[in-house]
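Below you'll find the structure I mean.
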Amino acid sequence: MQEVFQLLFTALQISAVYILFSLGLTLIFGVLKVVNFAHGQLFTFGALVLSLTMGALAPSLGHGWAAYLVAGLAGLAACLAVGLVIYQFGFKRLERDMTGSFILSAGLVLLFEGLMLEVFGGAVRPVPALLEGNVQMLGLMVSRQRLVLLVFAVLLTAAILTLLRYTRFGKALRAVAIDYEAAMLQGIAYRRIALYGFLMACALAATAGMLIAPVAAVTPTLGDAYLVKGFIAVVVGGMGSIVGAVAGSLLIALLESFVGFYFDPSIANLAIFVIVMVVLLVKPKGFFGND
Amino acid sequence: MTDGDILLSGRNLSKQFKGLRAVAGVDIDIRRGEIVGLIGPNGAGKSTMFNLLSGFLPPTTGQLFIAGANMTGATPERISQQGLVRTFQHGSYLPSMTVRDNVLIGSLGGMRNARVSRAEQNKGIDEAIALFGLSNHWNNVAKNLSHGLQRLLSMAIAFAARPSLICLDEPLTGLNQTEVTGTLQVYRRLKTDYGMSILLVEHNMRAVMNICDRIYVLHHGEIICTGTPDEVKNSDAVLKAYLGEAHGI
Amino acid sequence: MTEYKEWIGIVAIACALLAGVAFGGSYIGTLVVWIAIAAVMASSLRFVLLIGELNFASAAFFGIGAYCTGYIVNHADLPFVLTLALSGGLALVVSIVFGGITLKVKGPYFLLIGFAFTEALRIFYTRMEALGGNSGLVGIFPPAWLDAHYQYFTTVLCFLLILGLLGIERSHLGKIFIAIRDNENVVRSVGNRVFFTKVVCFAIASTVAGLAGSLHAFANNVISPLDFGFMLSIFALAYLKVGGEDSPLGPVMGAALLVCVASYAQSLGGNEHILYGLAIVLSVLFMPKGLAGLADLLRRKKESVA
Amino acid sequence: MRIMFHSSVALKTASVAAMLIAANLCAAETIKLGLSVPLSGAAANWGKGSDWLCAKAAQEIKAQGGIKVQGQTHQFECVSYDNQYNAAEGTKVAQALVMRDGVQFVVGSIGTAPVRALQSLAERKNVLLFTVAWGASIKGPKFPFTFSSMNTPLEISEPMISFIKKQHPEIKTVAMLNPNDATGQEAEKVTKAAWEKNGAKVLVSDLYERGTSEFQPIAARLNAVKPDLVDLGAVPPADVGLIFKELKSLGWNGVKVVEAGTGADGLLATGKDAVEGTYLGAAIPANSMTPHQKELDEGMRKATGEGVNAVQIGAYDAVWAIKAAMEKAQSIDPVAVAKTMPTVKFKSFYGETGFGGKDIYGSDQQMLLPVIITRLTGSTLQEVGRVER
């Protein structure tokens, strides 16, 4: 029983990153109808900028909250700047062209990965933990950094759901996601909403990357594994659905945790791919998809 | 009227969407060589009705017979093979293809089971293009045509499949008066020269009253009146249904 | 004349490549084989794009063909032509099953399910002892009688496959493919079997990819699971996009250009990815019709000047 | 002669020709050394480091007066291509090196799959091939042109494991993990046998996918059997750090071993204090570095951001071994050089050595290098044992 409980908790922790990652993907798809493969690169970029800034700040600020805050803002700003550029000069010109924008994002993946390797090098960059050590919770040992991640995932998901449900911007965003032509007829500035939605997703990617940085190997290929899992989470949950992204992430984390424990981690990966195909056969639009 | 004349027959057709009953227990009959109108206020269930008849939606209850065969729950492809071809309200053509290729697709569908020579096939395609007045545009790409020509093209595609019943979803919207007159002329020819039946959903009441042999009036998913144009015009139920609507009869 | 310009173009490129094999020395010959196989992959991708779907599983079917060939060569001594046919055949059978199940979904869902299939197969290979696990399979050589002419054989066969795909595209069946991409409801409403046609299209493209995979295995002699990851589909996409997806000439031109450039760019080390990435991004943004579109534009300009 | 059809090929040939002309101006004869290594993706640093060390060795040899064969002086020049760790790219690299650039000596090749692709061509075309790939299937009398320049589990596991067992006689149970690739599968077999031979029970031995990002489930599984020792065989450094960190947060605290541990930087970057006390089998200890080793280590740090490691050193040693063999054979023909290689003595990164391995592989193609067992203390590696061979 203790074992199952531990595995459940592990799944919950893993799912936190997947959730943050897939929220961005599903948001971009909802608003722009773009399958953005380059999302993982923004995630990686956030983590790399954080590690770089932390390193530069260490002599003056040490590794405390202040350094974290400054470096975090730097990472966020860098990702938003990159996001703005790729939206304005890229995705905006391929509005609602699914194939075209997907191909563009695939090109961006190759380009960014090569550039980041060139600029940051292939070495693993150490990032100090925001909170060191473990806590004993309900008889389980949990690292504090993981708890921070989990709290962030819950808070951000709640914030996004609130934003979408109760603010003018959120309602406009949902309207655009459902039927952008009708939304434009209603006087909603589609372009602006799309830009803000895209930037929000970039910010989410950066946040996720920076939160995972202390407990992950920060290299230019960091985002690759998350990209695959994040996409599967979104597909299983239903593209464009926020609740679906959360549910999909949980499913993947559960599979990874339980199959990995009872069989073998490599089989767990295989199981994830098989499950996505099975789910799509039963529910072709995913669990919560309506498009 | 004898049973042999009946081409399409829907019995007690219903369609239930989550909480909404879009079509409720409709009986409908269309005879060979008959032009039938289906009218009703917005949201009356006309589009759902069209989807039920053409197989794009399976009925929740009820049965559908076409040319004597039970087509309840059949796929659109199967129903089309049985002789019922429909058009769509919006963009009922293939935008990136030429007019001729558009019509070709229609003829390919119609001849799926028949062995026809290339020459005969080409003749059929040319005939369809000529019938709808598209001869001057045969090599133009569909998306570059005017709106009116696109409407005509969508009918030409359906015609090229040589159905016995052609179901047209608001085919006259956006056509000017001359085009409307010309199109109605073609409908008469479809009936007289080719023996086709037509089911027409249309907002242009003048045209409907002018061309139809019989009319069904749909309201809140139910048939509230059926009869000749004159009978329908004088029906109290119909007047009542349309009251409050922007456009009367 | 203009009606046949793609045929002429493809045959002209094929002749140029064959001349390269004949006069260019052994490295040029190898390069030509890679171009030919890459062109087939890109053409196969384009073929499924005719029905409007981006087929990310093409790398998987390429891999199925290659692994089938590798397995036969290592475990059963079958004639070369039969090996080739069986590899294509296996890809055909798997694609009918896979397509029959997954073509019910469209757009991004279809794309991502193909992606998942590719990755699942890759992991599957690594766990199969009989397929050489992670190290892959070695010693896949063409038979002695063909060895000296293998580069000609592959190039010719690849271009025959490409011309075959073009032939189908220009047939009535091909017109139905394009019509499905344009508006599948119209196609269905006049009685064409849309789903069946989609599976046919997918199966043809996958068989061709499987054959290309078999040719690839014989050309490289060695295969490993990582050869058939989703990156392969992305590269095929790059050939297609740079060449231009509107014209059947596009994938051939794109493959020829990018494979040559990549061979040159090898000396740039890891920056090969930057180059491919830039090529895709720039052509999507500034050359949406690709090289083929550009060539067309130039030709028209010349005509209007003349 | 080639006749050109593609402008890009022509361009490339022109630039190669230009390079050759330029090279000819400064040296009588330049011998090209090829490398087929990963220069992108997760293993990029191995490739970049190998490239750097090859160039460094060539530079040192030039400074010492070059390679003297039959009265002529030759110089080395390195050319590296990215094999992306797979056979398809490995084939492209092999073709480019052997068929296009005319390379006859390969000093560095990483990754079993791409190396097999290169070997398939090299053995047919009489190209001498040095590799650090671990697969035993690519070595032996069947491949007279193939030599290996790095210790593999076959060399490391047995001495290292018996050493550790002596240090920690209380160890009864072991949990093992390896990446699901050729290297990992090879390591798993050998290491498992070595533990059983030394009287420890292997409770669990798993494989995981390279590129995995979440190690919690893996750590949970290892921890569940409560082993006295966790052996991460061929797991790459950054992953080792993450796994030990997760294990620590689960409360596990036993002996940590990584046979293929090539350096402390990766471990520390991700594992922080959780990797304290880890034993590594393929690392270069800081406390016993010679000035020359220190110089290379620092140069590598500047070039790649990480200290020098055994994978990369393979390329450095191969260059020196080829020089020695060329001078001994008095020939720059790869057939003669390959024939001489097993008998040659030369100065490697670690000191004077030669070739052996007949008892394991059937031919003397394995560079005999010391197995240095190091232990991570604080943030530095201390040498705790050395097995000379």
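Letters A, B, C and D name the chains as they come in the text, with residue numbers starting at 1 for each one.
Here is the rule we go by: a contact is a pair of C-beta atoms (placed from the backbone, for glycine too) under 8 Å apart; a residue touches a chain by one contact, two chains touch by 3 or more.
Given the structure is predicted, the values throughout are model-derived calculations rather than measurements.
Colleague: Listed by label, which chains are in contact with chain A and with chain B?
Modeller: Correct list: C.
Colleague: Specify the chain most distant from chain C by Cα centroid.
Modeller: Following the centroid criterion, the farthest chain would be B.
Colleague: Determine the chain that sits nearest the middle of the structure, using the mean of its CA atoms as its centre.
Modeller: Smallest centre-to-centre distance to the global C-alpha mean: chain C.
Colleague: Could you tell me which pair, B-C or A-D, is linked by more C-beta pairs in contact?
Modeller: Counting C-beta pairs in contact, A-D comes out ahead.
Colleague: Using mean C-alpha positions as chain centres, tell me how far chain A is from chain D in Å, no decimals.
Modeller: Those two chain centres are 35 Å apart.
Colleague: Hey, how far is the Cα centre of chain B from the one of chain D, in Å?
Modeller: Each chain reduced to its C-alpha mean, chain B and chain D end up 74 Å apart.
Colleague: Quick one: report the Å distance separating chain B from chain C, using the average Cα coordinate of each chain.
Modeller: Those two chain centres are 43 Å apart.
Colleague: Return the distance between the CA-based centres of chain A and chain C, expressed in whole Å.
Modeller: Roughly 32 Å, centre to centre.
Colleague: Would you please write down the residue numbers of chain B that are in contact with two or more other chains?
Modeller: As it turns out, chain B has no residue touching two or more other chains.
Colleague: Specify, in ascending order, the residues of chain C that touch 2 or more different other chains.
Modeller: Correct list: 123, 126-127, 270, 272-273.
Colleague: Spell out, as numbers or ranges, the residues of chain D touching 2 or more other chains.
Modeller: Residue numbers touching two or more other chains: 40, 44, 48, 180, 209.
Colleague: Following the definition at the start, I'd like every touching pair of chains, please.
Modeller: In this structure, the chains touch in these pairs: A-C, A-D, B-C, C-D.
Colleague: Touching chain C in the complex: which residues of chain B?
Modeller: Those in contact with chain C are residues 54, 56, 75-77, 80-81, 85-88, 91-97, 101-102, 104-106, 108-110, 112, 154, 157-158, 160-161.
Colleague: Spell out the part of chain D that touches chain C in their complex, as residue ranges.
Modeller: Of all residues in chain D, those touching chain C are 1-6, 8-9, 11-12, 39-40, 44, 47-48, 51, 79-82, 84-93, 95-96, 99-100, 112-114, 116-117, 120-121, 135, 137, 180-182, 184-185, 209.
Colleague: Which residues of chain C touch chain B in the complex?
Modeller: For chain C paired with chain B, touching residues are 172, 175-176, 178-179, 181-183, 185-194.
Colleague: In the complex formed with chain D, which residues of chain A make contact?
Modeller: Residues 3, 6-7, 10, 13-14, 17, 113-114, 117, 121-126, 128-129, 134, 141-143, 146, 215-219, 221-222, 224-226, 256-258, 260-261, 264-266, 268-269 of chain A touch chain D in their complex.
Colleague: Which part of chain A faces chain C closely enough to touch in the complex?
Modeller: By the definition above, chain A touches chain C via 29, 35, 89-90, 93-94, 98-100, 102-104, 106-115, 117-118, 228, 231-232, 235, 239, 266-267, 269-270, 273-274, 276-277, 280-281, 284-286.
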